[in-house]
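Take a look at these structures.
Paired with chain B in one complex and with chain C in the other, chain A is shared by the two complexes that follow.
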Partner chain A sequence: MTDEIVVVGGGTGGAVLANDLAERLGPEVDAGDVRVTVVNDGPDHVYKPVWLYVPFGLREPSDGRRPLRDLLDRRVDLVEDRVTEIDTERKRLGYRDGNGPRRYDHLVLATGSRLDREEIPGLVEGGHDYYSEAGALALQEELLSFTEGHLILSVIGSPHMCPAAPLEFVFMADDWFRKRGLREDVEITYTYPIQRVHGNPHIAEWAHPLLEERDVRIETFCNPEAVDPDAEVLETMEGTEIPYDLLVAIPPHRGSEVVEAAGLGDRGWVDVDKETLAATNAEAVYALGDTANTGVPKAGSVAHYEAGVVAQRIASAVHGRPATATYDGKTVCFVETGMDAASYVEFDYQNPPTPKPPSKSLHWAKLAYNESYWLTARGLI
Partner chain B sequence: MSTTAADTTVDARGATCPGPLMELVGAFRGAEPGTVVALLTDEEQSLTDVPEWAAESGNEVVATEDEGTHYRILVRKS
Partner chain C sequence: MTDGDTNEAVETERPDADASTDGQETTAAAALEDVADERLAAALEENPEAVAGVVERLDTVNELLDVVDLGQDAMTDEMVVSLARMGANVGELADTAADPDTRDGLARLLEGVGNAQRADPEPASTLALLRSLRDPEVKRGLRYLVTLARGIGAADPGADAD
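What follows is the complex of A and B.
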């Protein structure tokens, strides 16, 4: 019987993994002994880092979209459907339209994050974000015509996608208004839920003085519990009320509902062994990227590196060999510090990040990587 | 042994900072005043993060229990 490998989700993790598996298991796939299937609930692959630039009018969401089929190895089957049920006891899957494989021998969940704006009353009506295509476009509409007032960047949910992006947005907004001669008319506040400006203490230590230098007001231990869109006030669990003219929020995130329903983890994040990425509550199930509850950032680089580990482990299982590949927590990230400067961090489970001094060359490296990302999705770099 | 009763328990064992505090904050969202939430955490930093946040937000740390492999921190919503 054909070995069924089913990858749920065709984002960075799913695409890199499927292409890696096609490469490793090419002869078996060609012989019909193994089938690699990606199930995605739409036709496109979306590169989300483009969204950071959309509010500033620098990019459009379409720059981050390409047909998934074009990025996948020809040996990978692509099914456009949505997995609606996972039975980990019987190794069976259910689908919205019934198009995908019914059973699996190896299942990889790469279902990513979704925004749960409704968790904060008033946020849908009163807040903007750049963590979705529609959100980034709506924010672009507001930001391009925003010339004075109080802009708040509020990190409401954590964990969230791309932990650097809130800092990047604030640094970019500061520089953008400054260069346009509007900074004196725009007050910028950055809020963060814990006692420092970033979850990672090393990045927080680096970013705090930079925010102060840029005259960004900092509110820590700030957990919004409601937004009053009529009064334009952010109300926090700590009892403060912060008036705003433009609220840019990082909404609470959740993983996939189907993950939660399958008992694989809370809020749709799969509980996994941090090194093997195997689900702790089921056999022959892996999770990667945002979906895996590892404690490392929900970032594309993480999904990329994790995909290589999961591909090796599944290929080992198919070949009847012990799986030895493990994930070391490796994360890399470029961090924009303005409109034409960026920093860079690299860290893992053992080694904390040391942000590089901001430079133009790192900014251009970030933009260059964004362009070459499509080669990563194809499994080439 | 657990000695203090809680209305709800948040198991954040295995999560690193700021995960446990964020899970506690999540449990407090929408909770009724008076609700006692027990946070299970093996992150040492929770021992300072949680009381600091409780003080900042006007909530009360009712007890901190060392369960051997983890801590059980009970916080009452004001």
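What follows is the complex of A and C.
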């Protein structure tokens, strides 16, 4: 019988994995012994890092969108549907439209993150974000005409996609207003839920003085529980009320509902062995990228590196060999520190990050990588 | 673009390895300098010719660094994006062309273009065209073109709309 490999989700992790599997298992796929199927709930692949630049009018959401079929190896089957049920006991799947394979031998969950703005009353009406296409466009409209007042960047949800992006937004906004001669009329506040400015203590230690140098007001231990859109006030669990003119929020995140319903992990994040990426509550199930609860950032580079590990492990299983590939926590993130300078960090489970000194060259490297991303999705770099 | 003045400014701003300290250094910086001195002394002792060779070529290194500076001064974000996009597009084309069947097909088409370029032009009257249909090479070429048309149709992303 054909070995069924089903990848749920066609984002960075799912696309890189499927292309990697097609390459590794090409002869088996051609012979009909193995089938690699990607199930995606839409026709397009979306590269989300583009959204950071949309509010500043530097990119459009369409720059980060391509037909998924164009990025996948021809040996990969693409099914446009939504998985609505996972039965890990019987290794069976249910679909919204019934289009995908009913059973699986190897299942990979790469369903990514979704925003749960409703978790914070008033956030939908009172807040903006750049963590969705519609959100980034709406914020663009506000930001381009914002010339004075109090801008708050509030990290509400954690974990969230791209942990560097809140700092990047603040650094970019500061520089952007400064270059346009408006900074004296715009007050910027950055809020973070714990006692430092970033979840990673090394990055927090690096970023704190940078924020202070830029005259960004810092509010740590700040956990917003509601937004009053009429009064334009952010209300926190700590009992403070912070008035704002423009609220840019990192909304609470969740994983896929179907993951939660299958008992694979809380809030839609799959509990996994952080080295093998195998689900702890089911056999022959892997998770990667945002979906895998590993403790490393929910970032594209993580999904990319994890995809290589999962591909090797599944290929080993198909070939009847012991799987030996493991994920070491490798993460690489660029961090924009203004409109024309950037830093980057590289770290793993053993080695903490040491941010590089910001430079124009690193900023260009980030821009160049964003343009070259499609080669990554195709599995080329 | 960079002008002569900018280049001059860049050159004068480059740190001079021989510059004396101004007494403001921290203890840590002094310790680092000591380590660097020790490493330099050790390298000189172990391989004086190689060190001398590097020093003799510092002018060339500085000239190359000037070229890097020129690149940085002349480029803009949009130029970087445009170049990277072109590189990525070429990379994607190369990925498609790297499929062995696609590669062989493209090679066949290119060879055919070369053959046509070297051959004398064919007469294009109706009678001559009909006569050429009896030529086995033309027959093979036409069969391939019909297959190519089918392949192009199958690869059309908008095929479902027909």
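A few notes on this one:
Assume the second predicted complex is superposed on the first by the 381 of 381 C-alpha atoms of A that agree within 3 Å, B and C clash if a C-alpha of one lies under 4 Å from a C-alpha of the other, contacts with A are read in each partner's own complex, and residues count from 1 in each chain.
Heads up, the rule we're going with is that contacts are C-beta pairs under 8 Å (C-beta built on N, C-alpha and C of every residue); 3 or more make two chains touch, one makes a residue touch a chain.
The model shown is predicted, which means the values in this text are computed figures rather than measured ones.
Superimposing the complexes on chain A yields a three-chain arrangement in which chain B and chain C fit side by side.
Once the two complexes are laid over each other on the shared chain, residue contacts for A:L375 go to chain C alone; chain B is not touched.
In the superposed pair of complexes, A:D348 makes contact with neither chain B nor chain C. By the touch criterion defined above, A:I194 reaches chain B but does not reach chain C. Of the two partner chains placed around the shared chain by superposition, neither chain B nor chain C is touched by A:D245.
Once the two complexes are laid over each other on the shared chain, residue contacts for A:D70 go to chain C alone; chain B is not touched. Shared-chain residue A:S361: touches chain C; no touch with chain B. Here the smallest spacing between CA atoms of chain B and those of chain C, following superposition, is 30 Å. When the two complexes are laid over each other on chain A, chain A has no residue in contact with both chain B and chain C.
Residues 14-19, 21-22, 25-26, 28-29, 49, 52-53, 56-58 of chain B are the ones that touch chain A when the two sit in their complex.
Interface residues of chain A, counted against chain B in their complex, comprise 119, 158-159, 193-195, 199, 201, 221, 223, 225, 237-239, 252, 271, 293, 295.
On the chain C side of its complex with chain A, the touching residues are 72, 75, 77, 80-81, 83-85, 87-88, 91-92, 95, 99, 157. On the side of chain A, the complex with chain C involves touching residues 67, 69-70, 74, 340, 360-361, 363-364, 367-375, 378, 380-381.
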